[in-house]
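Next up, some structures in structure tokens.
In the two complexes that follow, subunit A is the common piece, with subunit B as its partner first and subunit C second.
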Partner chain A sequence: MAENIIIYGLLSSGVYALLAVGFSLIFGVARIANLSHTAFYMLAAYLIYTFASALGLNLYLSIILAIITVTAVGIISYRLLIARVRQHEATTLIVTIAMAVIIQEAILKAFGGQPRGVPKLLSGSTEILGVSVLNQQLLTLGVVILMLLVTWIFLMKTKTGVAIRSTAQDREVANLMGINVSRMEMLTMAISVGLAAIAGALVAPLFVLTPGMWAHPLVMILAVVVLGGLGSLKGSLIGALVLGFAENLVVFSRPEGAYLKTSVALTVMLIVILIKPEGLFGIVFEEERG
Partner chain B sequence: MKWLIKGATFLLIACLILAALGCADEEAKEIRVGVIGPMQFQMGEHHWMGATLAADEINAAGGIKVGDEYYKIKLVQVDSNELVSPADAATAAERAITVDRVDFLMGTIRSEGAMAVQEVAMDHQTIFMVCGSSETKMSDKVAQDYARYKYWFRVTPFNNTYLGMMNFTLVGMVAQQVVAQLHTAPKLAILAEKASWTDAIVAAAQTILPTKGIQVVSEVWRPSGQADDVTAELLAIKDSGANMIMTALSGTVGIAYGRTWGELQIPAASVGINVMAQADDFWENTNEYGNYEMTLNVYARDVELTEKTAAFMDAFIAEKGQTPTYNAGTYDALYILKEAIERADSLDQDNIVAFLEETDYIGTGGRFVFDAKHDVTWGPGYVTGVGVQWQNGELKGVWPPADGSWPTGGPSVTYAGIVAYQMPPWVIDYWT
Partner chain C sequence: MSVLVAYATRSFRLLREEVFVLPARTVFLLICILLLLFPLISQEPFILRVFILAGIFAIFAASWDLLSGFTGQINFGHALFFGVAAYTAALLNWNLGLAPWATIPLGAAAAVLAGLVVGIPCLRLRGTYLAFATLAFPLILLGVVYAIPKITYGELGIYGIEPLAGSRVASYYIAIPSMIVLGFVMWKITDSKIGLVFHAIREDEVTARASGINTTRYKLLAFCLSGLFAGIAGGLYAHFVKAASPSTLELLLSFQVIIWAVFGGIATIYGPMAGVLILYPLTEFVLIRYLAVPSETRLLIFASIVLLVLLFMPQGLTTWLRDRTEKICPRCKLQNLAWRRKCRVCTAELG
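Then we have the complex of A and B:
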């Protein structure tokens, strides 16, 4: 059972981590809690369905087109809506959740409520430590690790990445240092939504597409970022691992309570923040911000 | 000039009165039936399509005869939104009765939504025919408080108790195949979504199946009905050593289940209730990994349950491009209602209830007879349902068996179009 929990804990954590890092990135840089983050993830999945299954395009091309389209929609929504209200945190929350609901209703109208499936890039399964794992899940984990590495290298090793981190640490000083803060924020929004779209592309062949598929991951990534410390990328990774493992621990050890896996994971989050209200890496992050 | 204006005004008023009288006369010859269901989803679409086909046929034949007059059926589409918000179903029903002035209601899918609509319909003493929920609590209310709940009837599917009995019958059939083909004793794992309708089935399975020589794994896997991944559950079932899985799934989890079960080649034959596997798009949604998935159903494309099934099936597929699910039971429901109204020769709800209770109608799904609790009767000679299995992209009827035998005795049940059950080859490879 331990092998199952380790392997499937890792697989579950991967997608949560990719979503949570994107969410945390835009929150850390622009203090935008984008509650439509997972709606973009859902939009990417439905676009892949449209391009690949409905229009018959090549699956790889469909994925690229979906990621580009969703990133473009993210940038436009940032320019037209979020940027105008971002100074008011409560308004930003309401605007972004409204965007999510609008995307959900638009998808419901366009595709109906019936579930949809997307073809897989890889079929079949592989035995690891005696545990059967779908090849698509392995691919997903590999791409997640790659994307997290690319994001980390971009933020740590490139000039633009340093500018983004500078904006996150102190917007005014960054501005005084000649960094185009608004541009950095928009770029961060694009990266954030792009990561959500990639997550959507990865899970589309694994999950069932429904117009409500954005809600559960939103709850989970909010829990992940609160657990890890709001705005902390490292915290998001650790938070995703903790909750991913907690969910799988429930399913494997208490099968009759499998439906409670999310509740148990959220309880873990609540216990941690009761002990450490700023989250696992909240203080470090605040110190980093100065 | 004045007299001209007065005259014109008089004529105008007279025309308006005549027009109003005309409308009233037209409305009086119309029976309004509210078809209530989640209209953005396939279930609601099938509710509507089933009722539309029946209404078109009945209207084309003249309508419903009451006294010397013929009434046309006017269908009113009522979106219950119950899959998203069950509470919306009650509001939709209230509006349908009080604003749209429907005379009868039929439809609903989710237990919570159906029960909410039941209360509203009973408040208004409006006949409500369920075509989608198996919740036994609704029929129990008829027994407990007949005066209030007598206006409620269930057409499809049969209630949870009957569903459980049929489910166990299908399990018994597959268990025989396990013994015959795998040369091992049947060992069953239960995977049931966490919902009120599955609780009784799970409890009964744990009690009844061991008495029939089927070992039941002590753990029961209870994912959410909307879970998008049940890989962990299936791996745990594989580890339990089960060679059969009994499902009780109505939500989208059924797709995740079918897809992962086939792709991971879990070495256990799947049988039970998987509502998602009853729909044509299950094959595509599971990327064809749903092959060999077996579920109980009300209809199967090539199985002629009665002499009316094939014509209905052809008409439904021609209109909708999909095989009807049990929600399309609105077709039979509308005919049952028509017959009851005509036998009552009245539009009084209490009179119609009395004649609905005496229903004995051969419909597309079988012979419909209501029991004392207004549930459609299940069993040989009545509505039986059909066990279906995905076989290479087609949903085939595999039960009742071709020899017509019924597990508890009784008259034999034979339908044209039944084929042999197929054990998944990877299950055979694993166990032999």
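Then we have the complex of A and C:
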């Protein structure tokens, strides 16, 4: 049981971390709470299914195609929809929810409600410390860690990364320093949606695909970013670990755990922000007074 | 007799001076009268059902506006109040056999309590943190509902409780007048000093506090008032559909109420109600019946309409219309027709 908790805890934490980092990035840079984030994740998984199972393309090619398509869809929807309403906070939320619902309904129309599966990239399993782990799970975990590292190095070490971070800290000053703020926001949107698509590609072979699969991860990543502190990458990572393990601890230790896992994870989140209202590593944004 | 005449004259003057001067108010009066007379035109059970549900959801959407639109405390888990009241009403009716006239107020009381439970811890949070934290409450309760099927009947929900009224038309004449009266009460609350304080809290909480307003108390009041009205809607819903099911707590309902409210225009009370009364019948039967839209694309069309309208009217439908037909007098702050030159009350020049 303990080994299941560790393996599945790490897996769900990894996926939540990847999703939450993307969500947190675009929130930090452009103050857009993109509630369609996990809908893009679902779209990527379904596109891989279309390319690989329905069109019969090579699996690697399908994954790359799916990630590119989803990123393109993300950028287009940012340009055409989100960017036009972003100064109205409530309207942005509704527009992104509407986008998520449209993606869900389009998938329901195209594929029907029945669960779908995607073939695994790696078959078989490996024995680690007497526990057999699916190779696909190891691959997923490895790629998650790699992607998180790449994102971190990109943001910390490259010139573009510094520009993105400075835009997040202070738009006006960043603009005065010659950073093209709107281009940085678009780039961040692309990275954010791209990370969601990669997360989708990673879980597609492990989970069954249904048109409602975006709702649960959305709730979880919202809890993760609030727990870790909005706009903090380290916080997202630690928040994802806390909630991923909390969830799996409940699932494997109680018979009715599958029902209670979200409740327990969300309660953990609530307790943390009641003690520390800005989250574990929250950046206290300066009071934005019009 | 003379008392009656006096009352009639007074209400006639009220109508002429306060209602007919503005097209928006005239339209609202007409819509209320039309809704009240609707069963004379058609008594088709399905259409009555859609309008009853629209009326109930209109109360619910307006209660979200009372909290989130006015005080700016964006509540992402408004389904909590609806679900708590629906389950309380259903459990009381199912186990103790209480009649709807008793269970609905008790359900609303439970929702007020839920408002306190959510409101007190959330006082320290602001903005996006508050929104995402409130999202958690109905989902936590949903998990609990699933985990104790002995009491709540789990995924099936409590089915077969007492109906709201004997017939569909009678239910209609409970739901629609409730909507009109409660909507008017909410609008009056926001028009009073309390509403002014709510506006102040949304615009600048620090300044409101500096002006000697106990913002904590007013925010809690907003949570409780909002819970009260949402709770009444929840109780009416449970007794109308004769069930309390997990769908009353789900994420979709919390999102749906925000969609209706933002579509209609927030911080107005009548905006969210108009949003529901337009969108709900539209997607439930108008499109399907008269425009031959297949019913499984209902949600797709709903989302697309909302998206398109918000792209062109980011502040919502009624706010957009209001800005085009009304102007606020710079001196006495009363609404005037947009094409008037002088204020209808104080005759100041309108800019």
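Basically, the second predicted complex is superposed on the first by the 275 of 290 C-alpha atoms of A that agree within 3 Å, B and C clash if a C-alpha of one lies under 4 Å from a C-alpha of the other, contacts with A are read in each partner's own complex, and residues count from 1 in each chain.
Please note the rule applied: contacts are C-beta pairs under 8 Å (C-beta built on N, C-alpha and C of every residue); 3 or more make two chains touch, one makes a residue touch a chain.
Note that the structure is predicted; figures quoted are calculated from it, not measured.
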Review point. What is the contact status of A:L155 with respect to subunit B (first) and subunit C (second): first, second, both, or neither?
Key: neither
Practice item. Look at A:I179 in the shared chain and tell me whether it touches subunit B only, subunit C only, both, or neither; answer first, second, both or neither. Key: neither
Review point. So, A:L43: does it touch subunit B (first), subunit C (second), both, or neither?
Key: neither
Point to revise | Which superposed partner A:S263 touches (first subunit B, second subunit C, both, neither) | key: second
Point to revise | Touched partner set for A:H88, first subunit B, second subunit C, both or neither | key: second
Check your understanding: Of the two partner chains, subunit B (first) and subunit C (second), which one does A:K120 touch, if any: first, second, both, or neither?
Key -> first
Check your understanding: Which partner does A:F252 reach: the first (subunit B), the second (subunit C), both, or neither?
Key -> first
Practice item. Check the residue A:I97 against both partner chains and state whether it touches subunit B (first), subunit C (second), both, or neither. Key: second
Check your understanding: Which subunit A residues come up in both lists, the one for subunit B and the one for subunit C?
Key -> 108-109, 256, 259, 262
Practice item. State the interface residues of subunit A toward subunit B in the complex, per the touch definition above. Key: 1, 4, 8, 12, 53, 108-109, 112-117, 119-120, 123-125, 131-132, 134, 137, 203, 205-208, 210, 212-213, 216, 248, 251-252, 255-259, 262
Point to revise | Residues of subunit C that touch subunit A when the two form their complex | key: 68, 74, 121, 124-125, 128-129, 131-133, 135-136, 139-144, 146-147, 204, 206, 251, 255, 258-259, 262-263, 266, 296-297, 299-300, 302-304, 306-307, 310-311, 314-316
Practice item. Would you tell me which residues of subunit B are touching subunit A in their complex? Key: 38, 40-42, 45, 83-84, 193-194, 219-224, 226-229, 231-233, 235-236, 238-239, 252, 255-256, 259-260, 263-265, 276, 279, 281, 284-287
Point to revise | subunit A residues touching subunit C - in the complex, by the definition given at the top | key: 27, 33, 81, 84-85, 87-91, 93-95, 97-99, 101-102, 104-106, 108-109, 215, 219, 222-223, 225-226, 230, 256, 259-264, 266-267, 269-270, 273-274, 277-279, 287, 289
